[in-house]
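Next come the structures, one after another.
Consider the two complexes below, in which subunit A is the common component and subunit B and subunit C are the respective partners.
== the complex of A and B ==
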């Protein structure tokens, strides 16, 4: 039970790292809290659902379409909302209000468009993609079904989600630390005014980061029907709260700290489910309060200032 | 002669006033105040109930209204409905608004125990009879509270009796001796878990409960829980949750590759179409569930038959994303019972309405079966049998397995 909870927590935590990654990137670059983050995840989930329903597109290739669509949507949305917000006296606080409003609008429109009922993609679809890749790599046929890790069996969808989340974290790392745009992004994260003074096109850099943030949220949405049971237009708020907890644990403004936050959240959640299941959903709030009391800057907080 | 004429005139006037007075006092409309959840966790169980009630109201209004005995005439119905978005705090405010601002004649709760729970004390404080559609939590019904009546679902403390009876009577013969119970900790499923536990313990059968755990209603991940249940080596697994819980649970069972010999869930029976869409017929195959009124054509004493009602539903709501099922029948049943009550009540006084509804107890058959109340207003009729789902292509069919006198086939155990 202990080992299973630990491994399940790692996989679940990796998924929550992916969920929080975009939110933290946006906060790190713009110092605004996107409270509509969970709603973009929900929209990504519905796009993947409709791609599967209408043209039978497997969720794995759908990831790329969904990411590109939402990254592109993020660019004009940035220019529409964020520059005005940043001119305000307290953009951080105002961002709460503005994006909360946006969240409500998205949820209402999604409810009108998609209805209120739960929707999902068959669980075997992600497994099918894994089987195809595994068969290609090993050169022989691999059965579709649960995956064995250290003698413990997990749904293929969880493993696929864990792998995709790991790849996403890696790509964000490569983007931030191995590309020119990433250097510029980190410069804006460290000090926005100085970045402007050195001639960096801060709005361009921020708009791209905003688009990537939305794209990452939507990619997490592709896995939502498998990791969160089903999807509904109302799921966004709950997701936003949990992802906010994850990034606070890791450290607000440090995207890669999200990995640590996600894993701590995932492992803690699975242990809670095993030993104190009735209280499991209190965990995000308890962790949030505990981190804010003990280490307000998050577990990797100090390093953020030096990034 | 003149004196006689004056006396006769007076008598005629009195008779005339006596016969026309109620009609003159009759309201232009009877206002029904209710809530619904167009979004949030309970939307999928709230909207079908709301639409069912609305369909009844629209039908009655198309016929010129509903007959109200207190005024001896048909009076149109006015629906005052607000969206609580599945939020109990919002619901509490809106219930108060319906009573104090809108001053509705009849107060009808939103669907489900969670959104009904906040209405119970509010209705009681304002001495308004709460027409409780599907809030089956047993704690709502106490002998000292006359201001509540459950219309369309059996109270949770008796609802799982067919399930527990099957497990304790037929179960040991089939090989069921170890039972696992996983339930969401809300009034609806928490009460059902208590009832199952109580029935099993009181049966003095060879059945033991080897796993008994509560989880938050918001739970959407079951992988670790399934592994823990498997470790307790149960012969039967009973999962008691809302539709979203059942969807996540059954999908996780399917994806994890864990095989249980017997799985029971509530919503594959209540919202079959929704579960088919999300879990698939393969995932629902051999799952045990309640056989709801939307599957059994109970002979209703009045109103539409099940087929007529489903046709009317599809015509009106077929283009919406709200599925036809047990809850859609519940909303319509609420309307039918109200119609009968208004035809019997001598005034719109809340306790008179209660008296009229109680007078129907045991004497009324609707699409939900026999309407019967206990002294606290809890529904003890309308009991749903236990059934097993069998996949047929993309859909599932119901096989009733308990009670034996209504069974349509034998249970398949263990699950292949």
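== the complex of A and C ==
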């Protein structure tokens, strides 16, 4: 039970990091709160669902299509909303309300387009993809089915989602710390005005970060049918709150803190599920408030904001 | 002082009189009641967001706390409605007091924490394990104290008091101090304003308004589920109404409720998705093109807005 909760918590933790990562990147770069984050995750989930239903595309290759589609959607959306918002008196607060409006629009359009019924992709599909990869790597045939780790059995979909999330987090790290654009992005994160003064095209850097943020949210959506249960147009709000919990635990505005936040969240979530399941729903909220009060800057944060 | 009297005669009295007279000529009392509830909630948001700049994204928590404070008093202690009303208000204020540490956070952090706190209260109240205390997810029924006429009258009185409070804030040193804190808390502190105390008073007043609104809501509808009184829609509607009209004024939130909630009801609620769509789009347009509300338009035309 203990080992099981711990390992399942790690797998879910990696996935929760992926959920929070895009939101944290957007907040870190633009200091705006994307309350529609969960709704982009929902849209990504639906795109993967339709790709699977209509042309029976496996969710793993669908990741790339979904990411590109939403990253491209993000660029015009950025120029449409954010520059205007940043000129207002209190952009951080107004972004809250603006993106809430966007979230309502997305949820409404999705409900009109897809209806309210719950949808899902069979978990075996994801298993098939990792079996193919595992067979290729080990050189001999691997059976599709639950995966054994340290004597504990997990659904293959969990393992695949966990691994894929880990890879996505790693790629974001590479982007931020090993590319020139990532270097500029970090400069904007540290000090926006100074970045402008040094001649960085802040809007371009921010627009790309915004696109990547939405792309990451939608990629997390691809795994939502396996990790969060069935998908519905109304799932967005709950996901957004979860993402906030994850990134606040890590530390707001520091994308890599998200990994720590996700794992802490995932492990404690699994422990709650195993030992106090009737109160498990309370966990994200209590954890969020508690962390904010004890350590507002998050576990990895250095600076403490003024009250 | 004459200005305050002016506002009372020009805004408070007409609004209260309208809601006192309308039931005799208009038969949908529930709709009138809802209008009053939303004016109270929008003004409650105004008190904390308009005057101090803290956006309470979990405002509905106070509303729900009020509703449950009222109901549990009636169910477990068979209290009379007015005593229960006081209990509901007290529940909201106590919740407000417990949440005062949130003021250590600023901006979006405060809003997120407030939202999480409201959701946590909802999860506790609706937890099946607490059925003996709160009836859990199965809802509350208060048939014993059901008295729509009395409840309507009480709501009217609370509405009047709420408007009176906002008029006071708009025209007093205390209200000025709050606005100074909103603009620049450090300068306000340097000017001799007790930032922490004044802000908490505004916060508790705002919680009190929502708690009273929740209490009379529970009394008036008398049958409800936890999802009803902890519905995020109350928060959203209150914020949008206040924002649409104009924060930090007396008349703004009233205009917002009358116009937006009026349209909302006039068009009818046949397909909720279309409303959600229109509302979402409206919120976005508001933030982008009219971030200071309708009253900012009036101000541009040289009209002095109370």
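Annotations for the structure displayed:
We take it that the second predicted complex is superposed on the first by the 302 of 307 C-alpha atoms of A that agree within 3 Å, B and C clash if a C-alpha of one lies under 4 Å from a C-alpha of the other, contacts with A are read in each partner's own complex, and residues count from 1 in each chain.
Throughout what follows, contacts are C-beta pairs under 8 Å (C-beta built on N, C-alpha and C of every residue); 3 or more make two chains touch, one makes a residue touch a chain.
Please read all numbers here as calculations on a predicted model, not as lab measurements.
Bringing the complexes onto one copy of subunit A puts subunit B in a clash with subunit C.
Of the two partner chains placed by the overlay, only subunit C lies in contact with A:90; subunit B stays clear of it. Contacts of A:61 after superposition on the shared chain: neither subunit B nor subunit C is touched. Contacts of A:153 after superposition: subunit B is touched, whereas subunit C is not reached.
Within the superposed three-chain model, A:109 lies in touch with subunit C and out of touch with subunit B [touch as defined at top].
In the superposed model, A:81 makes contact with subunit C only, not with subunit B.
Of the two partner chains placed by the overlay, only subunit C lies in contact with A:289; subunit B stays clear of it. Once the two complexes are overlaid on the shared chain, A:100 sits against subunit C while remaining clear of subunit B. With both structures placed on the common chain, the touch criterion links A:230 to subunit B but leaves subunit C unconnected. Once the two complexes are overlaid on the shared chain, A:273 sits against subunit B while remaining clear of subunit C. After superposition on chain A, the stretch of subunit B whose C-alpha atoms clash with subunit C is 115-123, while the remaining options among 115-123, 205-213, 223-231 or 295-303 stay clear.
Residues 107-108, 111, 278-279, 281 of subunit A touch subunit B in one complex and subunit C in the other. For subunit C in complex with subunit A, the touching residues are 53, 55, 57, 101-109, 111-113, 115-117, 119-120, 123-124, 127-129, 232, 236, 239-240, 243, 273-277, 279-284, 286-288, 291. Those residues of subunit A that touch subunit C in the shared complex are 33, 81, 84-85, 88-90, 92-98, 100-109, 111-112, 237, 241, 244-245, 248, 252, 278-279, 281-282, 284-286, 288-289, 292-293, 296, 305-307. Listing the residues of subunit A that touch subunit B in their complex gives 1, 4-5, 8, 12, 107-108, 111, 114-120, 122-124, 127, 145-146, 152-158, 226-230, 232-234, 238, 269-270, 273-274, 277-281.
Every residue of subunit B that touches subunit A in the complex is listed here, in rising order: 37-41, 43-44, 46-47, 85-86, 185, 213-216, 218-225, 227-228, 231, 243-245, 247-249, 251-252, 254-258, 274, 277-278, 280, 320-323.
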